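Look at the two complexes coming up: chain A is in both, with chain B in one and chain C in the other.
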Partner chain A sequence: MRPFTYERATDAQAAVKAVAENPGARFLAGGTNLLDLMKLEIEAPTHLVDVGRLPFAGIEETDEGGLRIGGAMTNARLAAHPKVRERYPVLTRAILAGASGQLRNKATTAGNLLQRTRCDYFYDTTKPCNKRQPGSGCSALGGPTGYGAIFGASEACIATHTSDMAVAMTALDASVETMTPDGGVRTIKVEALHLLPEATPQVETQLAAGELITAVVLPPPPLGGQAYAKVRDRASYAHGLAMVAVAGGRVAFGAVAHKPWRAAQAEAALAAGASPAEAAAAEMAGADADDRRTHKIALVRRLAAATIEDAGSAR
Partner chain B sequence: MTSVADWAEPNPVTENRSGVIGKGVDRYEGALKVSGTAPYAYDTVAPSPPAIGVLVTASIPRGRVTSVDVAAAEAAPGVQLVWSHLNAPKQAPRGARANPRSQRASNPALASDRVEYFGQTIAFVVADTFENARAAADLVKVEYAPEPAVVDFLASFDQATLPPDEEDVHIGDFPGAYGAAPVTIDETYFSPLQNHVQMEPCATVAWWEGDKVTVHTSIQMVKGGQHALAETLAIPSTDVHLLTRYIGGGFGGKGQPYDDLILSALAARALGRPVKVAYTRQQMFHGTIHRPAVSMRVRLGAEPNGRLTAFAVEAVTHCARAATFTEHAANFSRNLYAAPNRLTGHRLVRMDLPHAGPMRAPGEAPGMLSLECAMDELAEKLGLDPIELRIRNEPDIDPETGKPFSIRQLVRCMTEGAQRFGWERRNPVPGQVRDGRWMVGMGMAAAIRGNFLLPAKAGVRIDADGTITLRQGMTDIGTGTYTILAQITAETMGVPLSQVKVEIGDSDFPPAPGSGGQFGAATAGSAAFEAGMNLRRALTELAVGDPNSPLYGGPAEYVTFENGVIAIENRSETLAALVARAAPDGVYVEGSIAPAADARDYSQHTYGAHFAEVGVNMVTGEVRMRKMFGVFAAGRILNAKTAKSQITGGMIWGVGTALTESNAVDPRFGSFVAQDMAEYLAPVHADIVDLDAMFLDEADDKANPMGIKGVGELGIAGAGAAIANAIYNATGVRLRDYPMTPDKVLAGLMAKGL
Partner chain C sequence: MRTTITVNGTAQTLDVDPRTTLLDALREHLGLTGSKKGCDHGQCGACTVLVNGVRINSCLSILAMHDGDQVTTIEGLGQPGALHPVQQAFLERDALQCGYCTPGQICSTVGMLQEAADGWASRETADLTAGISLTDAEIRERMSGNICRCSAYPQILAAIRDLAGEPA
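After this line comes the complex of A and B, so read on.
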């Protein structure tokens, strides 16, 4: 870890300015991801602006009948919120499927969305990794474990995004609200927040430097059932091998791509009256993987079919 | 020398008058641990503020360090010292042993430019703070001349050789009998490389006073650590004071010293101030030992009635190029089932990986994963219940050596376990039981693990206030050693537990071999018992020889010790009164234990049976343990609570072994893929749902004076196989490649059209 300076932001605008004007500065929220990365010198900010105590840690109703979730609200409080549990059970379930109780007590809405990949080679600084060190190569490609994306991967990077919360938010058609460096406010769909790796896997979202996530807005709950499923090696405290969130007619996958993956083909098939299995197969027709990862295509297809079925019988 | 016959005599522990032996008393140091106040090595407060050392490790598996650029690190804030092989203090060459009785050879750090494995220490930085040391460590720039490395185990079997000083064991005519057997099994099982992932990483605080160094470190063997440091520094072992009072897990991985110990001592000497060093979590994976992968071929030949006629277990495993460690994965099978024609043996591949070494139940833990599944496969082929198959092959005498068993209750473990677990609920036809999307099945496996007694000493003193203090160069790696030593001492001396103090983990105390091989309780405990018996004799003499004692002149053979009182019938006084008056400075004696001369005339083991119920998710291939129960026979149980905690801990590790725990070697880099506890998947609470165990009543009077045996390793032996067999029973998918992760299970389900 490199030495760094620290300030606790008291207002959002000043925080945005502090980070936008200093290329070495980063926002700090719960710190559960960023500090780990700093200890390993995967990230080496020279200045941290702590936005964890800015006054947007609550939940409010929107005029449209949805909810506005503060960017600094903890994952634990969000998952437990009665309005979320009642109207967006897929979100509660997704959050509770992630990390551990201790981590969820610290982790925030914005930090969770912006958590970086768990790719083993991203974490091992002795290995080439285009995301960590652009141009050095991708060690996960051809690695022994069968890790990697099955949608939208590139030669440069096959990393997956493994936020559980973001998968549910994608299925719920949520948007993030940001404060931009010029003081403006911007709204971005969660499904459009993250980018595919292409040739620049180090660029992970469409946020500008210093752009602050202030809230996530959920539209009114969709008609129809909601369901969340996560496959993992152990029963808790493990990143997903695959996740599926279903909310009404919307379907999203996790741990399959560089971003939470909206399963548009599956949705279209469902809208056209396809069965859950057919809808899952429609999406998986677009999946692509090398030999070591083909098992994952089968896994996601089966999980998607089962979860769509569960959502159908959930209401 | 003693004979095991001497141990059959009743004694205070076997008579257990106060009942404290066997009782589930709370941990002696429990309050300190749960309140976070037990000072582990790194927490030790040095006499003056320590400087902090950080290791820099190699990023190639094999080759030479061609240059080390330390300029930036040396110029970094707070840095006091930067060492590489170019300027590290001279140490005795690796393996040197100036003192022939030394328990460990020299283990120098930064000794040469050679890189023998990924993660080897190649430089060392000391600074005023941890943060400064870590930041500077990242500034050390190293260049290498890499050399080709052998790191792919499965691709290197052609390099396998017999382990040193070892031959295969042939009994009868295995090939002939196997060829003639009407029913056969020939399968190969694979168990992966595992890391110890102790909660507490290796750590040391060191300081010097004149020529003497004091080290507080985390190590399972007190004498081994003391001698290794002395040999490496080429100083007398009496100049090394090693303390290891609280240890956050060892599992065999801390049986030897690592670079934290050597480098903190060297740096403390060079800087003239205390230095402390800890491995990071990531460094633990490569910088310390691991359990090697094992490939095991099992061949069984049987009569239609289930009697085994031919039996072969052959293991291929690996160790570091310069080492000789062998994971003896076939050894256990030499004592388990009767069969007249037998073949067992090992092959070793030398690789350029970090050092393989012992991990909880070395040999049995991976080994039983093979045979105990093969027996399940054979039972199905024969149409026999797996328990019945094992009973039909239960030997009367040790099947390899022909020696009598000291005691063997394996069959009772299986039958009692079957009843308590509800084995009769198991449908022998696989793939029949459903619970929603879950396929449910049951499996069982036997457990066996050797029992050992090593030479040990202990000291015990009584003070004028009646406090009895046991002192021993023993360790408690979280197993409950403090507690059972207190219980043994209390019962031997006939005093309440509250009157007993236990001081261990100090090289100044009478030596015990430490914690390992599940020999700790029997070995250290027996020495404590003998010391206690000697103290009884000393106090008896004191009392009957003291004209002021009510016991004066009484017959020594009638003296009793109970409730803190020494008595001859109704003549009595408290121990405190006796000592305060007759020996106000206290009385100190030592005792020792050694293996009996005829101990090897018996086949001596601990036994058990595991029963598991699992659910297999038909959609995803995820396996979740639903219920597990084990019955064990392991001699007299000293503490119901700590023994059960040990045995269930072993079973839990078995669940992890079957389902999640492994580390992949990346053959391109010669390093392990998982390097933290988010990726190296040991079970968490949610994985262990309903798991319980019980011990059969047993006392093994051939084992030691107390009739106790080890429990630390037995619980893991066979546990994973019970889970694997349950997966088969649930699904009809037979996996032989551990751990049985969702991808493998799902592939099996899909191959069955599910």
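After this line comes the complex of A and C, so read on.
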């Protein structure tokens, strides 16, 4: 690990200022992703601003009948919250499908959204990687890439975003609230927070340096059932090869793109009366992969059809 | 950087490099070598300790984040002659072979039983709004963050099954 200085933020505005004004500074929440990457020197901040104890760790009802989830709330407490379990079961199911009990006790809402890819070559510092070292090339292209993207990939990067929580939040049409460096407040849809890789895979979200995620806002639960499914190499404690979340008429996929993927074609097909299998096929018509990932297209198609079916019979 | 934490009931002030993980602080600076370093990347659970009663991976935390926290390690749960019920259950069921993962397994079990008692669901919980019954499938899922290289899983499961439903 490279040397760094540490401060614990007691005030959100001061934390935003401290990171916005220092290019080497980063926010630290649970630390389960950032410290891991710092040990490998994939990340090397010179200053850490610990936002874990800012007063954004709770949950409150919104006037619209939804929930505002604090950016610093742990994944475990969010999944366990009675209102979430009762009204947003897809969110509880998604969170509980990720990581381990210990990690979920530490991981936060904001940190989970901003976790970086698990691409093996991103982690292997002996290999070229455009995301880790812009311009060095992509080692994953042409490799055995079950974890690679099948939507929106570029020649520069085929990495995927593998948060479980974010897939459910996308299906629930959630938004993040941020505090911007100029002192303002901004609202961004979760589905628009992350960017596709294009030529600059190192730029992963539309957040400005020092922009702090203070909350995630869920609208009232949609009419209709909710369901979550995840396929992975072992039964538990592993990132997904493919995830599907369904909430009413909305469908989102995980581990298929550089961002949580809203399956808009599947949604349109469902709205027009298509069967779950037809809706899944409509989305997968837009998937793209090299020979090594064609199996993933079939996998996601079947998983999506089954999960839409499950949501339909839930409640 | 100065940090004060309470470890197993005793307040400790350490002045160490900010890079020091909670795990290294416990092992290298406080001599509490019960907590183990398996992977140092959150992938095995050998470093599991309880912070303010909640189980976490101490390798993915830096000491500075824990100023003011209460930390319990395997040494603080119980000692020979006055074992914690979870330690006793592991002993009775022979729930270990080399023992390297065991402190993490035991701390994790203590945290897990509290989570279940608090009604927290797991991926195996069919009804998210009903109470928790610690079936074998529930125990396995809730303990999946602790890897045992010796594969003592059947006996670990048996030990936890003995405790399940009883306050630990």
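To be clear about the criterion, the second predicted complex is superposed on the first by the 312 of 315 C-alpha atoms of A that agree within 3 Å, B and C clash if a C-alpha of one lies under 4 Å from a C-alpha of the other, contacts with A are read in each partner's own complex, and residues count from 1 in each chain.
Throughout what follows, contacts are C-beta pairs under 8 Å (C-beta built on N, C-alpha and C of every residue); 3 or more make two chains touch, one makes a residue touch a chain.
This structure is a prediction, so every number in the text was calculated from the model and none was measured.
Chemist: Could you tell me if A:R8 is touching chain B, chain C, both of them or neither one (first, second, both, neither)?
Modeler: In the superposed model, A:R8 contacts chain C only, not chain B.
Chemist: Is A:S136 touching anything from chain B or chain C once the two structures are fitted on A? First, second, both or neither.
Modeler: neither
Chemist: Once chain A of both complexes is superposed, is A:Q206 in touch with chain B (first), chain C (second), both, or neither?
Modeler: neither
Chemist: Counting only touches as set out at the top, which of chain B and chain C does A:T46 meet: first, second, both, neither?
Modeler: neither
Chemist: Once the structures are superposed on A, label A:R302 by its partner contacts, choosing first (chain B), second (chain C), both or neither.
Modeler: The answer is first: A:R302 touches chain B but not chain C.
Chemist: After the superposition on A, what does A:S236 contact: first (chain B), second (chain C), both or neither?
Modeler: both
Chemist: Which of the two partners, first being chain B and second being chain C, lies in contact with A:T187: first, second, both, or neither?
Modeler: Neither: A:T187 stays clear of chain B and chain C.
Chemist: Across the two complexes, what residues of chain A are contacted by chain B and by chain C?
Modeler: On chain A, the residues that contact chain B in one structure and chain C in the other are 1, 3, 39, 100, 235-237.
Chemist: Mind listing the chain C positions that touch chain A in their complex?
Modeler: 1, 17-19, 21, 40-42, 45, 48, 54-57, 60-62, 64-65, 67, 108, 111-112, 115, 118-123, 125, 128-129, 140-147
Chemist: In the complex formed with chain A, which residues of chain B make contact?
Modeler: Answer in residue numbers: 59, 77, 118, 131, 134-135, 138, 282, 437, 619-622, 624, 659-660, 664-669, 671, 673-676, 678-679, 681, 683-687, 741-743, 746-747, 750.
Chemist: Considering only the defined contacts, which chain A positions touch chain B in the complex?
Modeler: 1-3, 39-41, 100, 118, 120, 123-124, 126-127, 139, 142-146, 231-239, 241-242, 295-296, 298-299, 302-303, 305-306
Chemist: Touching residues of chain A toward chain C in the complex: what are they?
Modeler: 1, 3-6, 8, 28, 30-32, 35-36, 39, 48, 50, 52, 76, 79-80, 82, 85-86, 89, 92-93, 96-97, 99-103, 105-106, 235-237
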